[in-house]
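Next come two complexes built around subunit A: one with subunit B, the other with subunit C.
Up next is the complex of A and B:
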C-alpha cells in the first residue's frame, strides 16, 4: 500500500470477483448463536474460543505481548486490518477506489492516534500498538508518524496525504488553544469530504456508483444526526455548522444550526425524513429516555440494515463490500463488547442489549 | 498529694489563683468541646451524604467507562483521554470553625463542554462523552468529599485534643491543685496550732517564772520582817 492514494489506475472494476470473495468471508462471520454462547463465557473462555476461530492466528501472534481482554482487543483489530487489506488487494479500478475511500477512516484513525500519542507523550510503542493498519497508509508512513517528535513534525510527515492541507489550516487553532480538537475535527472532516469527492451526480452515475452514493449519503446523514444530538445534549456554545458534514440529504448547515437549539424539532425532522420509518422506534425511545447511547446503537444497526438492503438490491456492487465492511466491524465491536463487558462483570442480558445484531 | 509544695500562705494564694484559672479554662474548654461535637455531627451528616453520593457517582462513572471501553474499545477510550493534557486546577483556602482551621477546596475546569475535552466530535461517540461527563462529576464529588472529610478529620483531632485537655484539667490538674491547697491549708492550720501551743507554753512558763519570782520575793520580805 502506498500513502499516495489510488489503486491500479485504468483497470476495470472487478466487482464480481470481490463480491464472491466477500460472500465467502461474510458467511464465516459470527452468528447470533455464537454471540449467545460468548456472552455466557468468562474472559478466559472467550479467549480460548477465539483461538479456535479465524481469530486464532492473531491471538497466537500477539499472545506473548498482551494478555486477557487486551489480547482479544488487539487480536480483533489486527484481524480486522488483515481482512480489509485483503479487500484492497482483491479490488481493482473503481471498486478499489470506492473501497479505499471508505477504508480511509482507518487512516484518519491512525493520524488521530499518532497525534494523540505525540501530544500526550505516550511514546512510539504505545502509538504503534494502537494503530489499526486497515487503511491505505503504508508501514513506513505509520512508523514516521509514530516517531515524530512533535505535532508539527507529524503534520509535515503527512504532507503527501489528503490530510495535509486541512491539518495545516487547523494547526494555528491548535497552537492557539493547545487542544487537539481542531486537528481531530479536520482529520475526520477530510475523511467525510474525500469519501464522495469527484463522484458523478446520482443521475449520471452507473448503478454501482449510484448505490455507493446512496450508502455514503446515508452514512453522512447518520453522522450528522449523531453529531446534532450530541451537540444538542452537551449544551456547549459550539457552532453546529462547524460540525456539519456536507453531502447528506437530511439537513443543510443552516437547518442543522436551527435544529440543534430545539431537540424536539430535530427529532421531528428526522421522523419526517426518509429514515423516519427505520428510526421510528429509536426516536420514540430517545424522546422518552433521553438515552443517546442507545440511539447510536440503533443508528449503527439501521446503517447496517440499509447497507444490506442495498447489497441485496444489486449484489455485484460496492455495496456488498461496504455491507461486509460494516458487518465485520460490527462483529469486532460485538466480540470486544462481550469480552470487555464480561471483564467488567456485566450481566449477559445487559451485554446483549448493547450488541448490534441483524 | 504533692508533699513537695512549700506550705506557705503565698503558695496557697498562688494555688487558689491557679485553681480559679483552671476552673475557668475547664468550663471554656468544655463549652468548646461541646460546640465542636455539634459542628462535627453536622459535618458527619454531610460527610455521610457526600460519601454515599460519591460511591453512587463512582459506580455510575465506572459503569459508563466500562460501556465505553466495551463498545468503542479500550484503545479508543485511551486515545480520547490522551487528547487532553490540561488538568483541572485546584486551589485551597482555609476557613475557621471554632478555632479549627479547615480547608476550603475550590476547583476550576473540572466540568468541560464537548469542545473542551480535547477529542474531536466527528470521530468519537456519545459513549465517550457519557464516560467523560460521569468522570468529571466524580472528580467534583471527590473534591467535595476531600474538603468535607478533611474538615471532619481536623475537627475530630481538635475534639480529641480538647477532650484530653478537659480531662487533664478535670482529673489531673484540678484534683492536684485542690489536694495541694488542702495540704497547705492543713499544714498552715497545724503550724497555727503549734504556734498557739508554743505561745501557751511560753505564757505558762512566763507565768510560772513570774509566780516563782513573786513567791521568792514574798519569802524574802517575810524573812526580813522576822
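Up next is the complex of A and C:
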C-alpha cells in the first residue's frame, strides 16, 4: 500500500462514513476488564485469548512461523497495519490527506527500526518482522532498508524520501558519538515538521483543519514535555534544543533550555499552560512519586483523552480517526507490555502500572 | 446557500406575475406548490446523504446495524411528508 499526499484532487471528504466505521472499531477495542483478565494469564493463554478476538486472523497466519510472545507481538503489528491501511482505503479527499500525513509516523518508526537493527546487527529477518507496514514506504524500499549492511547504506537508500536531508545532516553527529540518538531525533523531527506542512494557519483554517492542527500541536507539545522531563531527569549534559520539536505552543527552544535545568519550574510552567487541566493528574503523580515511566503513561492517557474530547465535540472530522489511531496504538502497546511482562514473570499489579488506561 | 441561489428565481417568478399574467393564477400556485415539495425533497436528500454514508459504514462493521441504519436514514423523509401536508392543506 502507499499513502500519497493530496489524494484525488477536489474530491469531497467522506467523514460520515469513516467516522461511523472508526467509531465501531473504537468501541470494539479491549476495555479495562479485558486487560484485567489478560494480566493474570500466562503467555500461552494470552495467545489463545487473542485468537478468539479480532487478532485471530493474524495469529493464525503467523502461528506456523513464530510462537510465544514473538507471535503475539508480530500479530499485533500486523493487525495494526491492517487497520490503518483500512483507514486509508475508506477515506477520500481531505480526510485521506490528513490520515496519510499522520500515518507517516510509521515511516518514521520503520526507519528507526531499520537503523536500530543495523546498528545492533540484528539481521535482516529481525528488522523485517519488526516493521509496521502502515506508512508510505513500499515493500521494496523496506526490503532494501532491511538488507542494508551499514547505517550509511541505509541512509543512502532513503535518498528519495523526506527523511534524506535530515539524516544526512545528523550522520556526522552519529559518527562522532557513535550513538543512534541524533539520527532517531532527526527522523522524529522530520515527521513532525512535515505533518503540518502546507496547511493553512490556525486563523484561516476551516473547522476540520483547525482541529487537526490543534491535535498535532498538542502531540508535539506532549513530546516536548516528555523529552524535557527525560533530559531533566537524566541530568545529561545535552543541549535540549537539539531535541526540541518545532510547532508546539507550550514552549520555544530557548524556554525549554532554561526549564530543563530546573524541574520544579518546568512542572510549574506546564501547570500554568493551556494543558494544565489535562495534565494536572499527571503532574501531581510526577511530583509525588517521581516515577517518570508512570508519568509518561499518564501523559499518553491525557493525550488520548484530549483526542477523544476533540472527537466528541466535533464528530464529523478527522479527530475521531486520530483518536482511534491513538487508542489502537495504546491497545497494541498495552497487550505487548502485558505479554512481555508475563514472560518476565512480573506480578499482575506491576504490569498494571505499566499500562495506559483512561 | 440554497436560499441565495434560488432568490433570483423567486424574483423572476414575482416579476412575471406583476408584469403580465403569462401564467394563469391557478397554475402559478400549482407551480409554487411543486417547488415547495421539490425543495423539501432536496433538503431531505441532502440530509440523507450524510446519514446514509454513516449508516453504510456502521452496517459494514456490524450487520445488526442494518435495521437501525435504515430507519435513521429515512427519518429526513418526514420533511417531504410535511411539505406534502402543507401543499394539500393550502391548495
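As a convention for this text, the second predicted complex is superposed on the first by the 349 of 358 C-alpha atoms of A that agree within 3 Å, B and C clash if a C-alpha of one lies under 4 Å from a C-alpha of the other, contacts with A are read in each partner's own complex, and residues count from 1 in each chain.
FYI, a residue touches a chain if its C-beta (ideal position, glycine included) is under 8 Å from a C-beta of that chain, and two chains touch if they have at least 3 such contacts.
Quick caveat: nothing in here was measured; it's all calculated off a predicted structure.
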| item | value |
| --- | --- |
| First, second, both or neither for A:116, with subunit B first and subunit C second | first |
| Touching partner for A:130 - first (subunit B), second (subunit C), both, neither | first |
| When both partners are placed on the shared chain, which of subunit B and subunit C touches more of subunit A | B |
| Partner chain in contact with A:18 - subunit B first, subunit C second, else both or neither | second |
| First, second, both or neither for A:308, with subunit B first and subunit C second | neither |
| Partner chain(s) touched by A:196 [first = subunit B, second = subunit C, both, neither] | neither |
| Touching partner for A:223 - first (subunit B), second (subunit C), both, neither | first |
| Subunit A residues within the subunit C interface of the complex | 14, 16-21, 24-25, 90, 316 |
| Interface residues, subunit B side, partner subunit A - complex | 62-63, 66-67, 69-71, 73-75, 78-80, 82-86, 113-123, 125-127, 129-130 |
| Residue numbers on subunit A that touch subunit B, as the complex places them | 69-70, 73, 77, 108-109, 112-113, 116-117, 119-120, 122, 130, 132, 178-181, 183-185, 187-189, 192, 223, 226-227, 229-231, 233-238, 243, 245, 292-293, 296-297, 333, 336-341, 344, 346, 351, 354 |
| Interfacial residue positions of subunit C with respect to subunit A in the complex | 50-51, 53-58, 60-62 |
